[in-house]
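What follows is a pair of complexes built around subunit A, which joins subunit B in one and subunit C in the other.
Showing the complex of A and B:
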């Protein structure tokens, strides 16, 4: 029996892209295997060891009753629970249902919607259990994932930055696509971590790492997005993979309202998602000075 | 600080002859078709030539080997939050203003590894990361940019704190300045006494004419390069045309910043309501500081591998607009956009004077053009300073 810390990777409602990031860390996998014992990672091995685990990486959001119960059990089975990716940290693209009629989606997509048993909402893991660290991205960034694992092993806080995408964008010498090309970009309100990939390929950031620290959503919506697209387009631009992240959610709802197509949150979520969402704690709403 | 090599190092701009003050500054003429000779010669002398070229819908600074890579026939149209490349009526090589990049990326690179620590059986071995010496020749440096380099010299080459990487690159540097013959709507160097005329801090300075360049020599290093160029004395007419071309830039500058007593004016208006107003528009995205040729803020991080047996200490550009930049003892000191914008503006224009003896702004206008929401510091200063102090 290995004495290394036991690592598990669990999947909820998600596309598997974040787990693949771990599998894609080919050059580092050997070092990972030297540092932790991969006890339960269905995507990598059919040998699944039972709980407890020292580190559990959780991908995906909560969209069924069964998963609601499963995450509670997993939490009690895990010493550290780390959520990875936009689904786990903000509800993912499937959280668009939080602003719509879930039944409409079911009818549009499935021939027999009555076979489907799912909740009317998609919510982040932290809305259900305590999360020790949230790693953003759609998908997550490999180096950030390794940094989180390394920091847990070394016993320090992960060095993931809270700055916005514009900063890596400028460090790599990319010309701003907003200023030089009149494109909308969510870089100024999006947390860095991807290395500012999209602007380097001549398109605006679409916010897959979720809100940066203290994002000025009003300034962005009214001064960067709306001069370049109408309100409904601006709302759609903001509401993709992180639509239910508190700041993006509120800004999107405001824009839909202004566009004359209000999209209120599902009644079960009507209180602000920020109440339970750790992304809103410590890096959420602007505090007034003095 | 080691003794300076007088032929290469022009660290203190005030040591250089101020050419415009001499009664008849020597002016030479380099035919347009001989510009490649200059590039070839710089390469022969072991310089990496960096200069303007078109990339990503803008004129950026990058490695240049051939005159064909220069943005012949292109210019830029700039206004707050907007930059557009435009074809020119002629094929001028330097007929643009300043763009999204600044020369600081060569002297103060955005990301450097400083040190490496390795765990061994005898404990930690720490080693400075070896820095490959770089010998850059900058081609196309504008007057405001010369002033910006002089400002960063005061930051990185002070008697007390010298940055070795900056020092090596700066001492090996050759500067070929180009006088502006047009200005952007965002330029305000005349307010900051930094341009548009290149008066000092260069090795060679060119003024572009349709047939070639009127050349001034600003240092022994510049003289050494000039000695091997096919130069002839500029004719009276060439001198006049070049002076007229420079005057065009001067005449096109409309933006102004009133610097009279600006330090006290700003510092006595720290509670002015305009700070909250600008904070409602500002995205705190840091673009203005990262494009600024004088901003020098950086952070140092230790980056470990999975085993934590090797630690690399990295320095990267940072900014006062980043909340974590003022993180101290459990929280961020500047915990909102208002205080961060105020820090930026008052550092640039006021406390910089206390710290380094000059303004931190040279009036290049980059922070205005490259602000994605078009915030204009000259407008903010005017609004803040127009009313009596609070």
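Showing the complex of A and C:
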């Protein structure tokens, strides 16, 4: 048997794009395969070896009862569990269901409950188990993924940027789309990592990497977004791929409230009436709708 | 299962289909070595995209639908913007249309080279993965990875990034690439064209199982080009309809064992086949010159109803995509506006394009303030799913005498030849429910 560290890649509700990032490391893929033993990666290999694993990369969010049980097992099978991408770290685009009109949504979803098993919520992995490191993005960035793998192999904690998109945007030499073109942009509150790609293509950042550290959400929504778009538009802008990330969730809900279209969190996610986001994750407060 | 039947009844399960995108399983049931049931079970959790799209603005749809699939986001983006342009009455300038074909070529190259080298080719050599295959065929696999990289590079230059590009907009693009950005790719694409030719020669010589089905192929066909972004919906029995008539001839049904809907041709209710093999069977005269030469060199004959030869069709399409992309790169001049100007209005529109895995359909209703009122998306894999099950019913009686593990492997290989994208196929349940 191989003595290399064992790598597993697991998928929950997601688009496959983040695990595909590993296969998109065309120049590095074969070197990675020499440095780790790829023990369980169904998208890439038919050899599925049983646990334990040293490094488990987890893509996707928790949206079914079965997956709630599967992630607990996977955690106990893994030395390091790393979540990759907005679905795994914040519930993903499918977390929009967390704010949907509950009764309406349930009627739509469960008209055929005998066929479909699905929770009324989409929650990040860290709401269910301890996560050792989170890699943000929709999709994740390839060089950050390689940095995480290399760091773990070298035995130190991965270092990824916690600055906001504006800094790499300036370094890239892009003219500010807010100042020059009066376009709304989430760059000031969004964590860097993508390379500030959207402003370089003449459009505002739409928040793929989720909230940066200590974002000024009030300043962003009231001074930067609302002069350029109405409240509902501003709310939608904040609530797309990281809608359930705490800061985006709270700011988005405030804007929906101001727009006269309140979108409260699903009751199983709110710790008390009026809460915008659970104060702490991992409380196991979800209930099933099955 | 009752005890007294245990000796006669046999179930073969493939709990996790591997080297496919997304989560699926296979269940085969035999009684006295006679096939009683086969189910391609898709257990990928539904994500309800059509629900989320309702109430979103028309200009958010391309970014949102991209997230259905990380392997073919451009197919979703391009179909979405074209359907919305139909709804809003937007005309697209010819240079924008050319750039759209160009970025679509990038996605075909990326997706096809992934499937050919890392997912499908290992089956022909008894390897578990492309990485294992690379130990035996380093030159071939490295060549494949490099082609994939250049497909991704095109997506990055024109789309901003390879997965979930950011530059595709209703009306065109957010920003036109600078001439030197695209021209810098030319040497790589010249190399890629030759590499794809060598790959096609390599895969054409693989040993293919003797398995031939008289498929009902369905693909877009276009009078002037190998259809990618536009055309008429065409079938092997000679039907040729405008894309707006798609829903009159193809319908989705829900089956209990799958979170994906399955499509059938109507009114007869039969399965049909989409993807590179269908396109090549229906449109092989319109391949680019190098791809056409290669088609003849490797002895491609139609009709070809051997699904395992999908790998050859994919390789020939890679030659086509590299050659077409090369021409578009060489002739590119950044002239005009990045996107058409238009007024938002209420309307309904639909579009069909050719995703790497086959025909994809979108239809949207837009309100007068530009919000989505209704969305319908039919991805390729949910359309191929019924055909895959039908193929398995043909294959299984010929292999039931084999051990369970061998049967499971052969079934999985047949499924894999379709390049199924289960993530794509899964997100459409809410729609059925809305109709009821």
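The working rule: the second predicted complex is superposed on the first by the 257 of 290 C-alpha atoms of A that agree within 3 Å, B and C clash if a C-alpha of one lies under 4 Å from a C-alpha of the other, contacts with A are read in each partner's own complex, and residues count from 1 in each chain.
Throughout what follows, a contact is a pair of C-beta atoms (placed from the backbone, for glycine too) under 8 Å apart; a residue touches a chain by one contact, two chains touch by 3 or more.
In this text, all values refer to a predicted model and were calculated from it rather than measured experimentally.
For the composite obtained by superposing both complexes on subunit A, the positions of subunit B and subunit C are free of clash and fit together. In the superposed pair of complexes, A:138 makes contact with subunit C only, with no contact to subunit B.
Applying the stated contact rule after C-alpha superposition, one finds that A:14 touches subunit C and leaves subunit B untouched. When the two complexes are overlaid on their common chain A, residue A:193 makes contact with neither subunit B nor subunit C.
By the document's definition of touching, neither partner reaches A:124: not subunit B, not subunit C.
Once chain A of one complex is fitted onto chain A of the other, the partner contacts of A:91 are absent, as it touches neither subunit B nor subunit C. In the superposed pair of complexes, A:202 makes contact with subunit B and with subunit C alike. By the touch criterion defined above, A:240 lies against subunit C but remains apart from subunit B after alignment on the C-alpha atoms of chain A.
In the superposed model, A:252 makes contact with neither subunit B nor subunit C. Our summary of the superposed model lists a minimum C-alpha distance of 9 Å between subunit B and subunit C.
In the superposition on chain A, subunit A positions 202 are in contact with subunit B in one complex as well as with subunit C in the other.
Listed in rising order, the residues of subunit A touching subunit B in the complex are 28, 31-32, 34-35, 146-147, 149-151, 153-154, 159, 161-164, 166-167, 170-176, 178-182, 185, 187-189, 202, 213-216, 218-220, 223-224, 283, 286-289.
Residue ranges on subunit C touching subunit A, taken from their complex, read 16-23, 44-49, 51-52, 56-57, 60, 63-64, 67-71, 73, 114, 118-119, 122, 128-132, 134, 141-142, 145-146, 148-149, 152, 160-164, 166-167, 174-175, 254, 256, 259, 338, 412, 423, 429-430, 432-434, 436. Of all the residues in subunit A, the ones that touch subunit C in their complex are 11-18, 20-21, 23-24, 26-27, 29-30, 33, 38, 41-48, 63-64, 67, 92-94, 96-97, 100, 105, 108-109, 111-112, 114-116, 118, 122, 138-139, 194-195, 197-198, 200-203, 206, 208, 233, 236, 240-241.
Residue ranges on subunit B touching subunit A, taken from their complex, read 55-58, 60, 81-85, 99-101, 105, 110-111, 280-287, 290-291, 301-308, 316-319, 322-324, 335-339, 369-374.
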